[in-house]
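Look for subunit A in each of the two complexes below; its partner is subunit B in the first and subunit C in the second.
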Partner chain A sequence: MAWLAVLGTTIAAWTLASATLPLPDYFLPPPTAVLAAMTDLIAKGILPAYVAESARRILLAAAFGLLVGVPIGLVLGISRRVADFFYPLLNFFQSVSGIAWLPLMLVWFGFGERTILIAVNYTVLFPVIFNALLGVRSVPRLYVDALRTLGAPRWRIVRDVLLPGALPSIATGMRLGLAYGWRALIAAEMLVGAHGLGFMIFNAQNFHLTARIMLGMGIIGLLWLALDYFLLRPLEESTIARWGLVQR
Partner chain B sequence: MSGLARGLRGAAPFAVLVVAWALLTHGGFVSGLFLPPPGDVLRVGWELARDGSLWINIAASLGRVLLGVVVSVPLAVALGVMVGLNRRLAPVVEPIVGFFNALSGIAWLPLAITWFGLGWASVTFIMFNTIFFLVFFNTLVGVRTVPRVFEHAVRTMGGGRRHVILGVLIPGALPSIVTGLRMAIGFGWRALIAAEMIATSTGLGFLIFNAANFHQSDTILVGIITIGLLWLATDRLVLQPLERRTIERSGLVSSAR
Partner chain C sequence: MASKIALQALSHEYVNPFTRQRVLALDGLSLDVADGEFLTVVGPSGCGKTTLLGILAGLVTPTRGAVLVDGRPVAGPGRDRGVVFQEFAILPWRTVERNIAHGLEIQRVPKAERAATVRRFVELIGLQGFEKKYPHELSGGMRQRVAVARTLAANPEVMLMDEPFASVDAQTRITLQEELNAIARATRKTILFVTHNVEEAVFLGDRCCVLSRRPGRVKALVPVPIPREGRTWKLLASDPTFETARERVLRLVREEVGGEEHRP
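Here is the complex of A and B:
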């Protein structure tokens, strides 16, 4: 209830401000204009297409992170010597955001879908690999030794100790990677300009269609919350919460 | 292991990478237009450093991050404590701030340009929105998770509201605030690079994006390496020590592992 009241007050204040402040119309369009922009763009089919485009790209990157990044991180983390070698490299590459590589990728692959996908997948991949590696390394040796003493083969140690022990860290890596990746996607769509929500709000700015910008921002925020709710939270709950590392 | 030996071991992977890069480019497997050899990148880096443009761009980028931090962090901490104190307001504000966190970064750019035009005001606005909401959120959450017992203890011994805030809530929330700050600078730094590509004519983001227009892969690589090194230095010299000092001091993690 309190939440609805705050929302109502915000919308009322916004409407009032946009009606009374002596600003040009494009500066602060009222909430109704945002609503009108939404119905207009849905009717034209632009909004559903752009939402689908951005969602497809980020989900592809999420799948790539899970199916490629996690196994790579696990494999690199198993051997201590290999892990020590790759740690500084991965740390460097995860700290250079994908968007910094974008200019080089534009030279390599041109303005197009390929550049966007590679930039976003890069951004997601490195935090995921890095954290999977960290996770495997942080599993106490004691557990590994315990299983080994009991005569367990190597694959059992990987399956029963290293993988479950690394899961919380993997969940952290996915969250960080996707958070950076989502923002890199929006930025890449602005710079490369091949459809998607980033392109939508950037292009709207050229035409002073501020209502369209605000609409796009709202949807970008909501899509992230949906990604958080349907993908990241379940992932965390099946790992971190189940392992008793956080109590909620 | 001595510091020198550890440094050498940390540098070894990069040496391997550079050797592989040199072999790839000198062996003629990749065109120099796409991936110039390491020597060329080093030379361009040296030239940019000597004519001063590299330093100007570094100073511009770091200055923008610093401006963003100075403008947003004090306000975010103050508001976070104020809202966190109010047990009825806090649960209402939390999801709203959470929404703005979901939006942090580059998504603010078109609105920033609409309101402030191209230039430093737009970039500062984006940095403010990115840093402010993350720190605000973490302060709010931090204040709310401080156990009531400590507050009661201070009250019982005759402490006033001021004592509760300065002696209990801020120190108790500090680890959460520092985590928020670290995240905020991580997101802010990335948003800055993207924003500089579009909205400014200085900074490392501008340097590399402008170089892409002229297909200067060597300049782009100088920029990318600088961006990576600057982040690692910030993390190692500022953020990690800050985190250690606050989190380990409050005994939330043991430093011995």
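Here is the complex of A and C:
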């Protein structure tokens, strides 16, 4: 309820400022103009297409993080030797952000889908790897010892102890990775210009379509909330909260 | 009688990886445990009790000496030796029944047989109705009961227990001690139970092994000639045999702690 009041106040202040301040129309369009831009873009089919495009890309990156990042992180967490070997390399590349790769990717892969996906997947990958690694290492030694004294082979210790024990950290990694990935996606869409919400707001600026920019920004935020609500939270609640590892 | 466990001149030295300082935890410790015996090990803190148990479990490799179980040298952990740890070592992501069944799963016991065994041990530890609960929903005493049941269900030859009741409240501890005595009576397992609590050591043990202060050696072996059937706290409170053994072990431990402030 409290945040509804905040939202209402903000919209009222925005409407008032837009109506009274001596500014050109395109500088601060009123909320009604943003709403009009929305109905217009929905009617033309542009907004649904762009939202679908951006959502598809971030979901692909989420799948990539789960299927590629998590296993790599687990292997690094389990084997000290493999981790020591690859750590400097990983540490170096995680500092070169996905966006810093874009110029080179544009040369190699051109202005298209492939470049965007590579940049976003790359961005998602590192937080997922590092947190999965950390998760495995933070599993209490005691649990591993207990399973060894029950006669468990190594693969079972990995499956029954290290993997579930690392899950809270893996969930954190996915959350961080997707948050960074979502930002990188918007930036990549702006630079590469192959549809999507980033492209929409960047392109709108060329035509002084300020209402469309604001609309895009709002939708970027709302889509993240949806991602959090429908993907990240169920993931956390189905496991971690139920086991009492994280108190909500 | 053939000994189930033979510890032969065990020495163990820890090296602090930062200071390179060496600490001798055990120094030439020899001990035999008979088949079906309940042996308690008591000694001042830091005397190497937990190290001793770790070596027996196969989790720690001794610097010198050997451990034989049924005449075979121990080379790593194995399911012939079950361990109940000091802290709660049951898995938070498994329910009570799945924790108890874990050893059986590892042994690939068929599902129906596993379920029957689990039911039997849930009953033994009195946790009916809690089968589907997760450890965080249980009290400390209940969790340690689950840990004991998990080890028992795996049916090891030897049970190694490292101060398993140290972190539960006094009232629960008394109950758990009586329950463990009953379990030992029923299963006739060889049990090595480490504690720093003299009363607990005398209450549970057929013999009570007193360790010297660090580096740990066997200082004395005190027999407690009381049949297991007669061991409840109510009965022992006025039992002269118990009282004598308790006094003796207490005196031996105090000599090792050595402080005047511990004398009554």
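Here, the second predicted complex is superposed on the first by the 239 of 248 C-alpha atoms of A that agree within 3 Å, B and C clash if a C-alpha of one lies under 4 Å from a C-alpha of the other, contacts with A are read in each partner's own complex, and residues count from 1 in each chain.
In this section, contacts are C-beta pairs under 8 Å (C-beta built on N, C-alpha and C of every residue); 3 or more make two chains touch, one makes a residue touch a chain.
Note that the structure is predicted; figures quoted are calculated from it, not measured.
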Is the arrangement of subunit B and subunit C around the shared subunit A a clash or a fit after superposition? fit
Just to be sure I read the superposition right, which of the two partners does A:Ala2 touch: subunit B = first, subunit C = second, or both, or neither? first
Classify the contacts of A:Thr210 with the two partner chains as first (subunit B alone), second (subunit C alone), both, or neither. first
Chain touching more of subunit A, residue-wise (subunit B, subunit C): B
Is A:Ala19 in contact with subunit B, with subunit C, with both, or with neither (first, second, both, neither)? neither
Considering only C-alpha centres, what angle arises at subunit A between the directions to subunit B and subunit C, nearest 10 degrees? 90
Given the touch rule stated above, what does A:Ala146 touch, subunit B (first), subunit C (second), both, or neither? second
Kindly classify A:Trp101 by the partners it touches after superposition: subunit B alone (first), subunit C alone (second), both, or neither? first
Would you check which partner chain A:Asp160 touches, where first means subunit B only, second means subunit C only, and both and neither mean what they say? second
For the combined overlay, can you note the least CA distance between subunit B and subunit C, rounded to whole Å? 8
In subunit A, both subunit B and subunit C touch residues none
In the complex, subunit A touches subunit B at residues 2-3, 5-6, 26-27, 84-86, 88-89, 91-93, 95-97, 99-104, 106-108, 179-180, 183-184, 186-187, 190-191, 198, 201-202, 204-205, 208, 210, 213-214, 216-217, 220-222, 224-225, 228
Spell out the part of subunit A that touches subunit C in their complex, as residue ranges. 142-143, 145-153, 156, 160-161, 164-165, 167, 239, 242-245
Could you list, by residue number, the parts of subunit B that touch subunit A in their complex? 9-14, 17, 33-34, 88, 91-93, 95-96, 98-100, 102-111, 113-115, 186-187, 189-191, 193-194, 197-198, 204-205, 208-209, 211-212, 215, 217, 220-221, 223-224, 227-228, 231-232, 235
Provide the residue numbers of subunit C that touch subunit A in the complex, in ascending order. 57-59, 76-79, 81-83, 85, 87, 89-93, 102-103, 106-107, 134-137, 150-151, 154
